[in-house]
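The following blocks contain the structures, represented as structure tokens.
Okay, so chain A shows up in both of these, paired with chain B first and chain C after.
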Partner chain A sequence: MMIEVQHLHKSFRVHVRQAGWLDAVRHLWKRQYQVVEAVKDISFTIPKGEIVGFLGPNGAGKTTTMKMLAGLLHPTSGKMNVGGFVPFEQRPEFKKMMSLVMGQKSQLIWDIPPMETFLVNKAIYEIDDRTFRRTLDELVELLELQPLLTKPTRSLSLGQRMRCELAAALLHRPTVLFLDEPTIGLDVHTQEKVRRFIAEYNREHQTTILLTSHYMGDVTALCDRIMMINYGQLIYDGELSVLTEKLAPYKRLEVRFSEVPNARWEDYGEVAEVEDSQVVLRVNRERVAEVSAHFLQHFHVYDINIQDPPMEEVITRAFQEELSHGS
Partner chain B sequence: MGRYWRIFREFFRACFVEELEYRSEFLGNLVSSFFGIGIAILTIHIFFYQTDRLGGWTYADVLVLLGVFNTLKGWIDFALRPNMPRLLEHVRRGTLDYILTKPVDGMFYVSFRHLVFWRLIDVALGLGLIVYGLAEKHYMPSLVDILVFLITMASSLVLIYSLWMMLMTTSFWVIRIDDLSFIFDSFFETARFPIGMYRGWVRVILTYVLPAAVITNMPALSLLGKWNMATALIAGLLAVVFLWLARRFWRFALRSYTSASS
Partner chain C sequence: MVRKYAALLRMKYMEMLAYRLATIVWMTGAITQPLITMAVWINIDPSQSDAFFFYFMAVIFVERMTSAWDVWELDREIREGTFSNYIIRPLHPIHWAIAENVVYKLLFLVILIPMWAGAALFVPALRVEISMSQLLLFLAAVLMGALLRFLLSYTCGLLGFWITKVAAIYSVLEVISLFLSGRIAPLSMLPPLLQQWSIFLPFRYMIGFPIDLISQAANGHEVRQGFMIASVWAVIFIMMLQWIWKAGLKKNQAVGG
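Showing the complex of A and B:
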């Protein structure tokens, strides 16, 4: 196992403060503290070479967990092991085998070309010239960096910068990679590029990757396994397809008619949308074949489209279900 | 050690490249350095119209002192000052996380990552002024003088670094950095003059609490042959103690950072 986490807890002490200047003054000498449990009893393992998607709403504890795995935060309690190391001991050997990329924070230096940051990293990670050349060549090719290397970072677009960030983080060939929202703010085309790169890099080097993202596309494209976290608790850990089946036991049936029939749509499934000539139904998986056959036989169907529900919908449902179970 | 020297060289190289982006700054820096030292000499000159001694020091002595001051100031502006606002940015934006995940000492990285090498002009001018002051006095320092000078100068560098680092570390909690370097500057300015000029408790504070006087006066005195091995060793010891304190404080700040931020 590359990553092992057992009964991980993390609580923060934050001070609470009411609005208003009177309270601000009172706050100067008497602070009220509140303990916030960011992560509650999380356990999981990730084998070498696996890409795992880490999902959850804002403030659910994703980043906190990831920071603990990267050795940046001390866990309040629980056991962690990443590649044979205890992360928060911050051993140099541990730091050399992992890397962290945060979509919202940049490690490149604004005023100088990315190549300079790469060279600084080369010195810090003690990469010898030959290995550095080889790794850089590979990354330059995969990420199409050639024209970007010598431009000042400030003149790069967000997408170009992100690609350089990935290269900077991978120069020392980490075996574990933590990606915290690597595609945030990128356009669809660049997101696609970054995803393809991550998938390819993982295949090539068997890098273990833990990925958080707000974009379902990232997760569906890259991960077979997902972990869902909400209110600091792990609420799902398993295959993505199983989750879909469990939480969304229906398919999306989109039908367009050339001649609008007179039918009671409720009889076939849950109605999502009805327009003049088009209807979108959520139909139970077992009934999909039967319903569509029925439509084709009895109505003038112009077009029919059967899809899995969009991931967003599934995830939202998962969290709602969790909520209703929880309360 | 060798490894850190290599990393430092790499920082230097990267900053060199960075500053070549702004070539025009070279001239501006050159002018301001000459102007700064010119004004300083002029001020001393004016003092000596009124008197022939300043806190027991002659004109030539004070020139040597000013040379030491300028050298140290150049060092601060070269390596320390450029890094202070960056640490604040790192803490505020959370990019400190990147530094902490790198296999390099965090304190080393945040203190030396950014170097403004134009400021080495001040170091050169300071050394020049020291030589000029000695020539003015017609004093040729002996080898031992120079050796003690090197020891006390090294102690001063370490002391300044430690004080600066402690101040910098407060940026984990303090948000306004301009005020911080202002504190340091006003304290360091006192080191421009002979300690004998100060009286009473100010003198005590400047000798023992914030050893500004020790920082410039001791190297200057050593070079002028008025050294004292015991005080030189005390300076060395003081430097080590302050470095240790700075290190402890940095560790403490990191601990609170790693257990608090989200």
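Showing the complex of A and C:
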């Protein structure tokens, strides 16, 4: 196992303060604290070479968990082991085998070209000249960095910067990679590029990757396995396809009619949309064949389309279900 | 380690070049306060104007060579969460700060030395006649002063793990040091009680002590005692820094992201 986490907890003490003048004054000498449990009893393991998607709404504890795995945060309790190391012991050997990329925080030095950051990393990670050349060439080619290397970082677009960011994080060939929203704010085309790069890189180097993202596209394209976290607790850990079947035991049936029939759609499934000549139904998997056959036989169907529900819908459902029987 | 420093120095040099204008403004801005203070003192006691002139020119030199800005950098980096980028790399973040100090201070040196030499051609008060060994002692004292200020500033900066806007605390120390380091007036002009204290506090060794050496105001005993006390403070600061660093990492909230 590359990553092992057992009963991980993290709580923060934050001071609370109401808005307003009087309270601001009172706050000066009497502070009220509140303990926020960001991560509650999380356990999981990830084998070498696997890409795992880490999903959850904002503030669910994804980033906190990731920061603990990278050694930035000290866990309140629990055990963790990443590639044979205890992250928060901050051993240089550990730091050399992992990398953390945060979509919102740049490690590139802002006012000078990315190449300078690469050179600093080369020295800090003690990468020898030959390995550095080879790795850099590979990354430059895969990420199309050549024209960007000598421009000051601050003049790069977000997408260009993110590509350089990935290169800076991979120069020392980490065996474990933590990606915290690597595609945030990127346009669809660049997202696609970054995704393809991550998939290819993982295939090539067997890098273990834990990825958080708000974009379902990232997760469906890259991860077979997902972990879902909400209110600091792990609510699902398993295959993406199983989750879909479990939480979305229906398919989306999109039908367009050349002649609008007079029918009670509720009899066939849950109605998602009705528009002049078009109906979108959520139909139970077992009934899909029967229902579509019925439509084709009895109505004037112009077009029919059967799909798995979109990932967003599944995830939203998962969190709603958790909410309804959870608390 | 040599390679790491070579890379860091190169990068900091590039960065400094990117901030050319800011660096010059910052450099000249810091000269204003001693110049005004000097004008005030010369006005109070015109008979001593040569001595004051020399003293405050030396203040400008020593102050620039020992100045420390790390507390502001750390304050911002910890508060904004960018400090995490240093923590995850396999090199203690303090080396980045040391490299930065070296680059900027070398720049100050290559600007200030020719300026002093040029000015001394025209102003006799700026000419110094000291032996090589005295010059070396002076440089050692400047280095010690730079070390003390750097350590204090960096240690204060690390308090940012607990307190936001920690630079405010450092500003209080700066005000105390303004008097006790000899920046407002030569230490020999302070009330006797403060003079007594200043010997045992670290601030004197940040600015006043090196100036005493270059102006040959200190005797052999005072020089030895000065280096001794300064060294003790350096050890205390290093121990504090290490302890605060370890405790701070546990406390770290790695904000943002």
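The rule is simple: the second predicted complex is superposed on the first by the 327 of 327 C-alpha atoms of A that agree within 3 Å, B and C clash if a C-alpha of one lies under 4 Å from a C-alpha of the other, contacts with A are read in each partner's own complex, and residues count from 1 in each chain.
One rule holds in what follows: contacts are C-beta pairs under 8 Å (C-beta built on N, C-alpha and C of every residue); 3 or more make two chains touch, one makes a residue touch a chain.
Only a predicted model underlies this, so the values are computations on that prediction, with no experimental measurement involved.
S.K.: Using the overlay on chain A, decide if chain B and chain C clash or can fit next to each other.
M.R.: clash
S.K.: Considering only the touch criterion stated at the top, classify A:190 as touching first (chain B), second (chain C), both, or neither.
M.R.: Touch status of A:190: no partner.
S.K.: Check whether A:38 is in contact with chain B, with chain C, with both or with neither, and answer first, second, both or neither.
M.R.: In the superposition, A:38 touches chain B alone.
S.K.: Which partner does A:120 contact after superposing on A: first (chain B), second (chain C), both, neither?
M.R.: both
S.K.: Please report the chain A residues shared by its interface with chain B and its interface with chain C.
M.R.: Shared contact residues on chain A: 12, 63, 67, 70-74, 88, 90, 92-93, 95-96, 98-100, 102, 105-107, 109, 111-112, 116-117, 119-126, 152.
S.K.: For chain C, which residues are in contact with chain A within the complex?
M.R.: Residue list for chain C touching chain A: 3-4, 6-8, 10-11, 14-15, 18-19, 81-82, 84-85, 87-91, 249-254, 256-257.
S.K.: So in the complex, the part of chain B that touches chain A is made up of which residues?
M.R.: 3, 6-7, 9-11, 13-14, 17-18, 21, 93-95, 97-98, 100-104, 258-262
S.K.: Can you list the chain A residues touching chain B in their complex?
M.R.: Contacts found on chain A: 12-13, 38, 63-64, 67, 70-74, 88, 90, 92-93, 95-96, 98-100, 102, 105-107, 109, 111-112, 116-117, 119-126, 152.
S.K.: Residue numbers of chain A touching chain C in their complex, please.
M.R.: Where chain A meets chain C, its residues are 12, 63, 67, 70-74, 88, 90, 92-93, 95-96, 98-100, 102-107, 109, 111-112, 116-117, 119-126, 152, 180.
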